[in-house]
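In the two complexes that follow, chain A is the common piece, with chain B as its partner first and chain C second.
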Partner chain A sequence: MNERNDDLPDEELEAPPARWGSLWLLTFGPGIWAIHFLLCYVTAAVWCAKVAGRTGLLGDASLLVGLYTLVALVGIGLTGWRGYRQHRFGHADPPHDFDTAEDRYRFLGYSTLLLSGLSFVATLFVALSVVFIETCE
Partner chain B sequence: MTDSATEPFDPDDRERQKAQEQRLRKPWEVPRGWRYWSAVNNSDVGLWYTTVAFVFFLFAGVLALLMRTQLAVPENDFLSADTYNQAFTLHGSVMMFLFGVPIFEAFSILILPQLLGARDLPFPRLSAYGFWCFVIGGIFVCGSIFFGAAPQGGWFMYPPLTTSYSEGIGPDVWLLGLSFIEIASLAAAVELIVGVLKTRPPGMRINLIPLYAWYILVVAVMILFAFPPLIAGDLLFEMERAFDWPFFDHTRGGDPLLWQHLFWIFGHPEVYIIFLPAIALVAMIVPTAAQRPIVGYGWIVLAAVGTGFISFGLWVHHMFTTGMPGISLAFFSAASEAVAIPTGVQIFCFLATALAGRFVKSVPTLFVSGALAIFVLGGLTGVMVAVAPFDFQAHDTYFVVAHLHYVLIGGMLFPVAAGIYYFYPLTNGKQMSERSGKWAFWLMFVGFNVAFLPMHFTGLLGMPRRVYTYPAGMGLDLLNLVSTVGAFVFAAGVLILLFEVVRPKKNEPYSPRNPWSAGTLEWLAKMPDESWGVRSIPLIKSRYPLWDQPNLMADVDAGRFYLPDAEEGQRETLITSTIDGRPMQCLRVPGPTFQTLWAAIFTGGAFIFPVYHLYLPALVCAVLAGFAILGWLWTGTAMIPEKPQKDVGLGLTLPLYASGPKSVGWWAMFITMIGDMSAFASLVFGYFFFWTVHDDFLPGPAAGPGLLWPAIAAGLGLGAWALTLLARHCNRRDQVLGFYLSLALAALLTVACSVALFAGPHLSGLDPTTHVYPATVWVLVLWTLLHLGAALIMLLYCVARRAAGRMTAEYDIDMQNVGLYWHFMAITLVVTVAVIGGFPRVA
Partner chain C sequence: MTVGSLLIWALVIGLALYVTRAHPEAHGVRSARWLIIGGGVVFPTTVLTALLIYGLMLIPELRATGDIDRRIEVAGEQWWWRVRYPQENGEAVELANEIRLPLGERILFRLSSPDVIHSFWIPSLAGKVDMIPGRITELVVEPTRTGTFRGACAEYCGASHALMNFQVVVMEPDAYRDWLAHQATLARAPTAEQARRGQQAFLANGCGACHTVRGTPADGRLGPDLTHVGSRLGLGADALPNDREALIRWIGHTGEVKPDVRMPAFGMLPVDELAALAAYLSELE
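After this line comes the complex of A and B, so read on.
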């Protein structure tokens, strides 16, 4: 995206052409949440089954979950930022409901931003589990 | 809005329009007499589908009333324990599989094309096939109770109850009957995804699509990931029941918990698969009632997509009491709390819309208000049971019964009732009575709460669900009696609703057009409507075109938009681009046929005969189903048009044929294979689940299928894959010899690959009945072999198509789709080989 576009009126802006990929951006935030969730679940399951035993400490598994969370939150943050930039393209506020390529572009950015927000919170929720629970029991 | 009748026309124009209408009417004509049942048009199939789903709903409702009668007083003997078990199992299974999910598919097939200003969905015959599978499977499953043969294990069929402690064929009826119906769901998912993405009217960019379409898109994608794990689970389960492969038998290394995982990976998203489309109806009704655009369109998209994702991280909250590590429970508890956020967001959006506009009171809005009230209560108890320690107490008690009914009846049945009242004029041009609607609502609303509110307390007092009776004097007597009374009041409301739907309305006047003054395209329909759907496909510039685009109705009626005519006498609709709704193709959709009915009957045979261990008739049916489907594909798909392109109106000329990623068939293949991959991933999950949970799962490399044969199979299979792609390349360049040679070689390599893959476990003497390890290896091999078999048929089909002149260098849909299939085939093969041959070496 070109930042210099921000101050131009709509008719002089040109939104990037629609690509099939544009829709995928929506799924990045929740996709990262899903991968983070699965990794946490699998790590804890394998750790408790194969390493620490049912009465063992989570120990390094908690650290791993922390690491996943950090990476996931950065990923979601970047996706959200990208969404925000798209949403702020030119001069327009939601609901982004004009039949222009620009509003379509802004709408997808706005939805990406909102989904990233939800994914951020949901990822934190999951990560908090290892703050409160320390063993495999 | 202007009515077409008030538009001044010159006589020539009127004549031209009349001629157009006549030409348009011809191909869209509904078949008459007994041939009526060969119809595939969305308005007919959608109506049948909705009706049959309601019949199943009434059936399951009657079962519920029988159960409530039995529980009205303590120590009652109205139903025997056996019958009671069958009743609650079928009640749950039918409500979920034969009503909850199908009703949304049915509704969507009925109204989605209208909402999108399309003439039909892209694969009408697939919808018809799905419908017939649904009817046959549904009758089979429901009918079993009349022979005392219905399943008794509850709608989630937990082993070992259903393996070691169930006599008779009940579990097989459930497993095979419902697997068969899941085909219908997957077919609908393919249809609806492609429908939403590709059959929108020109100009309807992704930021303008009706919210209903957003929800349907999300839900259809969820089906692709949620139903296949259950199909995989059904496969393992039936292999255990029919052939003694011990997937869930702990004495031979199996684990009943795997079923619970696979079932709930399906089962929890399923709740949202049922809920989201119903809430989508609310998202259509509320703006109309408020006479203003929805508040927070983007937020609702967030809610739909967000719920779709997070609902896949909740499945273990049905398994909190199975003894999994606390940390695992915590992850799922956290996700279960998180899903309340998007769920709440959409409800706030609806409330905000209602408050911001002038909320017109009507029967649909009454049902919507009731739905929100009930659903919010169910959602709150949901947040309670998502907290693991609370769930430990409430698990398997009537508290959960109360919770799930509040969620499903509030989140689904009431919105559906609202939808029936709201959309009824679209089906026959008449409106339902306001008075009886109010009666129905109040009886249902009051009856529901009287029936289910006390169940929270019966549950907290300790009454377990699924018991056929209870002793007197435990404090449960009055609460149960009240619940029973409530259930009958509720049923009275449903009866009134039903009577109002079926009551003949011949003498009543037709409803005015757009009776609710709605803003979305489905209300372009004439009362009564023509079977072509929309007179001409409009150019869309707004989320609520009927409100914002002046003169739209008149222009549509006058045929001033796209495809106002059917010069060639064919059924046609527009295909547009995914994001911006640019017109890309004029798609010819097939007309009435009995082929899909035959295909469904034979597919049904292939699923139903094995219930009685009649494997030969099942095999014959499977082969016949294969031929029926091939015949259907041969005569009805990828037809070469008589000319490359046509004028679709407004000076636009579009191609009549597109292949590769531009064709809807390619998308259907892609979507189907995503679903296929998620079933395969579930089987692989099973392998690693056993490895994680049981230390003795892997018997050591020597006892496995070895690396040699699987590796040879992978080499041969990848060779076949490369040759298929080469054949596609040769076909495109019209290199006929190269095309035939590479396909013939690919076919040979496919056969050789299958033999080599089979040889691995066969030559190493793996017996699937001895232990879960050989069974798991065999099931992965069998899955891959089945896919190789399908791949071989596809290769030969392409040879035949080209030889018959039905596929050319330019018109190559078949070859493109087979090439796409082979990408997924290669992934399946490589993963199978890596898991069965490679993993034992690295583990």
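After this line comes the complex of A and C, so read on.
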């Protein structure tokens, strides 16, 4: 597996479709993290302004945040899994730095995986604040 | 903090020396991978998570407005501070440009602004909180040692923003009680001849339209209360020291000291009248 064989034409590979170079998957992890953050923020703000009052409890709002977090983590997990699959495509080890469509594909997958890891932790950090801060104060 | 940063610095330099001097040859793939995963992923994530949890656990206690010993209302106005100390009898003592706090009490600041956004900041005591027109924001402070600390406006609010400061004095509770009781009293009548003329000039020149000196006909509300202005540590929201010379300069050249200030300069008054005003005001201790 450690053998580099990108330079040999791989029989199984067909000409890579154009979407192989797509950057979209890369943005999913950080994108979900950002949307999760925004949703949590807006939910807490609306809850404290309209429902609980400035000294009230977060109560059900933290359940909502929990729900967002669950959905976000699953989304990021799936993105990371996709990235991992893409990274393991064919036979090659990182850093995937050959000037070929396949290596670009693997490289983007690997980056997606790493960014998903970062987004996963960051999303957890956002959710931690409602665990420890239970009020609107 | 210093010790911690020195330790981290020593560690980083030590590692750099280790790989460049002690073992300059290539390292094994396995050990390098462990170093990257352990030192680059697991270690920082663990440390940051621990620090985050520790910080988050402190927040509710810092912000709780439940068990408050005392409230103080502060309004940021271009470019000074109106400070009100509510009393047990329901009335409030209104002062300005200086805040005093009793040691060890939890104090709730209620912050507001009648004009533009200011920000209330005493760096040594607490974080900054915006003062927003039409809203009341809150800040809890619990001073843990006596001393004098500097406060400032931390949100650009116009020409004299940089000259909108104040001093915060944390006092022993007994001294604080005496101080507040004294600040609640009416102004003392001028004793020296010059100060008496100063009081007449104060009333004759319309200073009382904007300034209150409790116990006299001066009851204006546009500018700072001057009942005990002589006892303050600074002048014009700490733009000048509080002495007679500075008072003369303030009254005669207000706009030069503080650009755009909302008080007209009285430079047209004769010098001895300015001196009399300064004598009067510095007697108001």
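Worth pointing out:
Everything that follows uses one rule, which is that the second predicted complex is superposed on the first by the 120 of 137 C-alpha atoms of A that agree within 3 Å, B and C clash if a C-alpha of one lies under 4 Å from a C-alpha of the other, contacts with A are read in each partner's own complex, and residues count from 1 in each chain.
Just so we're on the same page, a contact is a pair of C-beta atoms (placed from the backbone, for glycine too) under 8 Å apart; a residue touches a chain by one contact, two chains touch by 3 or more.
Quantities reported herein were computed from a predicted structural model and do not represent experimental measurements.
In the superposed model, A:Cys48 lies in contact with chain B only, and not with chain C.
Greater residue coverage of chain A by touch, when chain B is weighed against chain C, goes to B. Shared-chain residue A:Val121: touches chain B and chain C both. Once chain A of one complex is fitted onto chain A of the other, the partner contacts of A:Glu137 extend to both chain B and chain C.
Once the two complexes are laid over each other on the shared chain, residue contacts for A:Leu23 go to chain B alone; chain C is not touched. When the shared chain is aligned, chain B and chain C each come close enough to touch A:Ser129.
Shared contact residues of chain A, touching chain B in one structure and chain C in the other: 121, 125, 128-129, 132-133, 135, 137.
Listed in rising order, the residues of chain C touching chain A in the complex are 41, 45, 48-49, 52-53, 56-57, 59-60, 63-66.
Put simply, chain B touches chain A in their complex at residues 203, 205-208, 293, 296-299, 301-302, 305-306, 308-310, 312-313, 325-328, 330-335, 337-338, 341-342, 540-543, 577-580, 692-693.
Against chain B, in their complex, chain A makes its touches with residues 18-20, 22-23, 26-27, 30-31, 33-34, 37, 40-41, 44-46, 48-50, 54, 58, 61, 94-97, 99, 101, 103-104, 106-108, 110-111, 114-115, 118-119, 121-122, 125-126, 128-130, 132-133, 135-137. The touching residues of chain A, counted against chain C in their complex, run 55, 117, 121, 125, 128-129, 131-135, 137.
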